[in-house]
């Protein structure tokens, strides 16, 4: 894996950025302001880091016009420096080559179909009637059950499980330990014992979704659990059966969504937030980290219920006063 | 997998339901009220969905006598429609056939014992002195360590880990990514460094338990971590060492139970709730979602401490007033 | 695996403990006060259990001098009985022998280097340019990607994933289902769609760290995510990209740490606590379970924000009064 090199002029042209300074400067990588060297490109998106401009040794920066006034070096100027930096950084991402073909240690059901241009890695298994489409990459140790579809150019990094009836659109990326299509948690109490409610639905994942490490998405009871296109889930998230998540919604780590809830498009759900079951959340709703949504939300906006930590003795006193509220006349 | 067909009369007789209407109607599947067709059976258990009765195209419904008054079509009438529906739905669940035998890619310790009527799937491993009993199904990618027992008719769906000294009763079902029998988190600080406390116990799981995807149950420090019979755990749950969970208790996703706590029988623990260590919870206790139980609970009932999310600016004002409580004279 | 036997005198000498009683007493194991027999050693560290002294049948006890006054039997007396017990218990821990060598079913990249004294188990894979050093044990089903280092005497118990650019120091122990080095959650919104921000950093784990089952530690965006030496993480923890955790810090299960935060040395983070992104926490900070740290903490101490559960009707009334605070005059 040789280091690729681009001139600043090439980068400006490729991504439609305004070049200020030396078009011929060679860029061999990207880095933080604090660590970049003269051949590396840095970026400034968050004004908080503007004070680092004075000390950076970066060869050039991606930044906004207003910030560029404080920077005498070479620059790529753009309204949205973080997104542009992301696209430039992708040029420098080392990617292991995936050879098409099925590793000899993989176990493929006789009636599964693997596109000749797909890759199935070591110790992977693909179950009955499942299909792996063109350009898909199934990493080592993945277990794909029956009746699944892995769409074109999907990447299952390693040790991903698709249990049954899981259909992935194109370019879906799933990180290790994620489990899609396990039984939803359906129980009925009958004569003092639990009866399992069969989970007959599947999971449908739209194009360009990303699913984090050890995240779980259960299959539906009667109909499917659904992620629309471009949904982005971080690690350790739990999506219960029959949840529907609208396009372009992103969730930070450890969020839990209970069964049959419907979340809108362009929502942002903060880390470790909880969403109760059987509710609806409108488009463009932001839920703050560690908050608990118990009712439907019908208007866009920011919602929260988390309590910031403070000195434990002070917090204990606050709790005591809070409990005492119960016993005082209404106020 | 051909679609099975039953007449309404057969279903009534098989499950002891009251038949109203055409005993010869053929039922080929189950579905929601909204999507069912004339050959499918729907159900009405939650009064909230009663308004969907008018529009459903279901061939027949399972419902209570009081709800049946609002439904002119064929019906199976019963006091407990959800449980009956669950049992009927199981007839229509597609089940992949599991052939008895050990997949050639599986790795079995020389002194492990696999019943000839059990199945061990691709890329599974079974460690020293472990036993897999009659009718058990070990799915692809499972890793079973030393001194484990997989009871009769257990199902380890795929990529399940039993680390060491894990004994499963009969008919236990474990979903992908679950880890049973990892070391409990025992540490002692000694001269400025952590010493690991050896975890010498095991894990004991009773008959008919179900364990969700990516759930973890640690083995005990000196004695066992225990789930009694018919305990039902959803996904992403953490059960620390030496916890004991009583029979028929169910926990929703992302619950965390700290070490050495003892939870009663027939408890219901809501999603993402936390249970502190070294406490006892009585039988028939319900803990609400995202609540934190810090002390023993000695009486049945419903307990909670979760705060519902609201508009973030309003919540910020509430927090400010809450903190100010500290500084006002006691009320 | 024969049971090892030590005399009380041998144990006293080996660990520098004060012997009271019969130096020749044979000890064949360790156990709780309640279950120990005459050949087993118990311990008393928590004064709460002092009342169990009267009934125990333990052959000998490890305890402090003040507690020893209440115990007529043989004893090993020490200031720190829990740590000493931990070290003694390790003598009795059954350890499966790991033969050096690579299991025939493992798949090793041609340019990976496995020390001849290391073990690589069944169905494990090791990617390009990765190195497994002397005495390391890679359990069954582990997937190690490109450019990783598994340090001397590390133990990856089973089904661990190191995705890419993960470097482990010496004696690191990682439990099943843990995923280190997955992509950090970096997204930029551009013209109504998410762009993935490449994650070019790695993960660096110091000597003697322990990482629990199903815990996830993402790799950094530009620089590394770092655990210094002797950090101890329980199960189901999420460590986001570019987090730095100081030496000797311990976290209980289900903690979530958001991106770029820096946690000090000798911190104790309680179960299911959350740490917001881009903050710093000083050395020797304790965060209580289920609390949410939203700002930097600059002084050692105990911090919390969790609300203990109570009777649900009482809690509902408290919430109503809390909300009403908003609408009353301050004070």
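We call the chains A, B and C, going by the order they appear; numbering starts again at 1 in every chain.
Criterion: a contact is a pair of C-beta atoms (placed from the backbone, for glycine too) under 8 Å apart; a residue touches a chain by one contact, two chains touch by 3 or more.
This structure is a prediction, so every number in the text was calculated from the model and none was measured.
Engineer: Hey, what chains does chain A share as contacts with chain B?
Structural biologist: The common neighbours are C.
Engineer: Validating interface symmetry: for the copies chain A and chain C, is the fraction of residue numbers used by both over half? Same or different.
Structural biologist: On the two sides of the chain C and chain A interface, the residue numbers are mostly different, under half being shared.
Engineer: Taking the mean of the C-alpha atoms as each chain's centre, how many Å separate chain A from chain C?
Structural biologist: 26
Engineer: When you check chain B against every other chain, which residues touch at least two of them?
Structural biologist: In chain B, residues 105, 123, 141, 159, 177, 214, 236, 254, 272, 307-308, 310, 322, 325 touch at least two other chains, as defined above.
Engineer: What does chain B use to touch chain C in their complex?
Structural biologist: 105, 107, 123, 125, 127-128, 141, 143, 145-146, 159, 161, 163-164, 177, 179, 182-183, 185-190, 192-198, 200, 214, 216, 218, 222-223, 236, 238, 240, 254, 256, 258, 272, 274, 276, 286-288, 291-295, 301-305, 307-308, 310, 314, 317-318, 321-322, 324-325, 328
Engineer: Within their complex, state which residues of chain C touch chain B.
Structural biologist: My answer: residues 30-32, 35, 80, 82-83, 85-87, 89-90, 92-94, 96, 103, 105, 121-123, 139-141, 157-159, 173, 175-177, 208, 210, 212-214, 230, 232, 234-236, 248, 250, 252-254, 271-272, 289-290, 306-313, 315, 319, 322-323, 325-326, 330-331.
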